[in-house]
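Two complexes come next, and they have one chain in common, subunit A, joined by subunit B in the first and subunit C in the second.
For the complex of A and B:
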């Protein structure tokens, strides 16, 4: 199994959508590694990252989270992505969240798409660690459009990787 | 404490490149990986450790750049122990300490595994803090823990070294520490 870089996007200004298009279909698995924060004021709580792709129907998100005080298990219908993994605008401007998304069967037509995520942020007295999954129906994923509550702040970055089963081709 | 030279080759194919590894052939106290300037050529770093402590109740300390007295570390964690879930945090710490490691109190040959994702260790814009994701697990056939943790290092400086040390005594024979670099496009 090998991992190959596909594309990288860094925001230089406040940005509503981070979009990857023409995603190659010759991998078995996609991974997005995210460094981000949002512009929305959520009272210090984490911001979600929502994904969309052409022809999809978002079904559900599930979340298991630790807030530093309590454990949270939640679900949300009608959306595809994560829950509460990057800091909001009230965080120190130097604090970004780290999040890893795995789209395991992204290129398989006719299968529901399952996303797994792991991410969080820490503000030296508050913060969240989140783990969860999300389900959508739809065709193979050829585009990915990432949004968050409000917009992405300047300085956010998403690196997209393909993970394959062959060292030689990445296929 | 051994300091591991970086051995990864830029010619190696793929995004994930092994940069250095050490396997303990005898008990020892810790390991440090010095990051050369070329490590800026990796968008992310991943640090993998398989650990066992010689001293019951001991754990490990994880820190960057030898920064162990500034109170620059904090973390939030989520833990399951087979019966209960819990969450907590530590603030203004001198380094990350964690104790979910087997020791000589436990059956032989039981180790815990730890994976640290150091996303964007060399940010180019402004001087953001570092946010590290850690997941771990150990199972002792009747007890054990697994969990997730997010660590913040509030130092706006170039990351130059990663160190893991035992909080007391030594790590056991068979402990393994490996550092990987993850290249993005054009790296």
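For the complex of A and C:
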């Protein structure tokens, strides 16, 4: 596997959208590594991350989550992204969540887009850990617009990577 | 390995007494860290001893975690607070079947950032059974803002099973790390037709190989370990640069100091006396880059005697004191051991002369000047020479030494005699 950094964005102030545009189409997969927190007060529960891209239609989000007390398996319609992976504004200002998004075959126009994610946060007494997926229809992903409930706090960082494949078959 | 993620350290457990794995001096130039662990403890119980990761080998209780755990029959979520580290997984000998190791990924983002430290972990421990497995996912927090400079991992105080492996990776998020960082040039050493080029690679330089080039241009040599030896033309002065290279380009060091290569045993100069009228010859401008000098001679004098002394001065030095010689002298019938005295030269050889019983006999010998450039040592010689004159009364073998009370490096050797016979010959060599 060859994996290359495409771009990295760090917020210096409260930011509503973190946008990667002109994403190269010559990789096979994309991976986003997100280190963030939101400005929305969700009563201490985790915040969603929504990814939008030009021409897409969000379908579903699913997740297997642990809250520290219970395990839940849930679904949410109408968005493309993750659920509960970063802390809300009530968390200590120094606490951020970590989540990895994998966009497989992101540039294949004829395939629906499936996102797989893994991540969460702990805030010393509460927190969430998530393994989930999401579905959208749409063309090749050339732009990714990341939003969260409220806005991104200052100091959030998203790194976008491109992942290649081998031309050899091994057959 | 792509440039996105490169291995920093790997440790593999051997034996059965390792209770902890420490990754120390973690480079601070990456965006994130990742630990891949394939481990197993020697503990015979089950579900009791976990892999714990201690950032900065902390002994505090500032860690907490949120967890999902499944044993393939049930799933649960739990929480640890006021804990001493980052709880990861099970993987005891009493749980997993023989030769089965846990598989764990520990992702630590923003490990140098001045915020609380976090990690997300996914781990599985398999077993040759339907349900006796452990699957965990964790979100971790360590409420400390210091950069993470080391990671310590232990298994609940138990020892790790042999074959357990731990690799620490550094993850980059910028393009500019794709071209290697330039190495630092070190010492270049003459190796007689080759030059050993010493360098120090930059930390996490991402170089796949190192290229050595010379000025003036010569051969280009690639290598992956320090030092790299490259061929050189004898007698040519070179400087060298080492370039860290990968598929995206390279970055070269500054140029080395100059080095000239010589043979291990190389001829410096020689001289043959063309007539019977010359009584002196000087080897001047002697190169200073050898370890020792050796003078080989084949000499006869023209003095009206059966033999005559052949003398030498160093550096045209007439101000410092010479000790003429000490010698062990064999004539074929007797042995003598005696000394000369204070002098203005040394007598490095006694050679046949005009009235010796054989007209065409020359003395042959070897004179060694050791450490001829070394500071703080007086200059001396050792000569082994002799000749045979087809006579029981003429001819001898000598082992002789002499001394000049001067520490100056030898840059010139002058030999003198009344006159040297035609075809006498002397040659000077450098020894590395």
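Just so it is clear, the second predicted complex is superposed on the first by the 165 of 171 C-alpha atoms of A that agree within 3 Å, B and C clash if a C-alpha of one lies under 4 Å from a C-alpha of the other, contacts with A are read in each partner's own complex, and residues count from 1 in each chain.
Operating definition for what follows: a contact is a pair of C-beta atoms (placed from the backbone, for glycine too) under 8 Å apart; a residue touches a chain by one contact, two chains touch by 3 or more.
Predicted, not measured: the structure shown is a model, and the values here were computed from it.
Chemist: Following the overlay on subunit A, give me a clash-or-fit verdict for subunit B and subunit C.
Modeler: clash
Chemist: Quick one: is A:26 in contact with subunit B, with subunit C, with both, or with neither? Answer first, second, both or neither.
Modeler: neither
Chemist: Quick one: is A:65 in contact with subunit B, with subunit C, with both, or with neither? Answer first, second, both or neither.
Modeler: both
Chemist: Applying the document's definition of touch, where does A:112 land relative to subunit B and subunit C: first, second, both, or neither?
Modeler: It touches nothing on subunit B or subunit C.
Chemist: Quick one: is A:154 in contact with subunit B, with subunit C, with both, or with neither? Answer first, second, both or neither.
Modeler: first
Chemist: Contact-wise, after the overlay, does A:8 reach subunit B, subunit C, both or neither (first, second, both, neither)?
Modeler: Both partners.
Chemist: Just subunit B (first), just subunit C (second), both, or neither: which does A:17 touch?
Modeler: neither
Chemist: Look at A:94 in the shared chain and tell me whether it touches subunit B only, subunit C only, both, or neither; answer first, second, both or neither.
Modeler: Once the two structures are laid over each other on A, A:94 reaches both partners.
Chemist: Would you mind listing the overlap between the subunit B footprint and the subunit C footprint on subunit A?
Modeler: Touching subunit B and subunit C on subunit A: residues 2-5, 8, 33, 35, 64-71, 92, 94-98, 100, 118-125, 127-129, 131, 155, 157, 159, 161.
Chemist: Can you name the residues of subunit A that touch subunit B in the complex?
Modeler: Answer in residue numbers: 2-8, 10, 33-35, 64-71, 92-98, 100, 118-125, 127-129, 131, 154-155, 157, 159, 161, 167.
Chemist: For subunit A, which residues are in contact with subunit C within the complex?
Modeler: Contact set of subunit A toward subunit C: 1-5, 8, 33, 35, 64-71, 92, 94-100, 118-129, 131, 155, 157, 159, 161.
Chemist: For the complex, give me every residue of subunit B touching subunit A.
Modeler: Subunit B reaches subunit A through residues 13-16, 43-44, 74-79, 85-89, 91-92, 117, 119-120, 123, 125-129, 131-133, 135, 148-152, 154, 156, 182-187.
Chemist: Which residues, counting only subunit C, touch subunit A once they are in their complex?
Modeler: 2-5, 31-32, 64-69, 75-79, 81, 107, 109-110, 113, 115-116, 118-120, 122, 137-141, 143, 145, 171-175, 178
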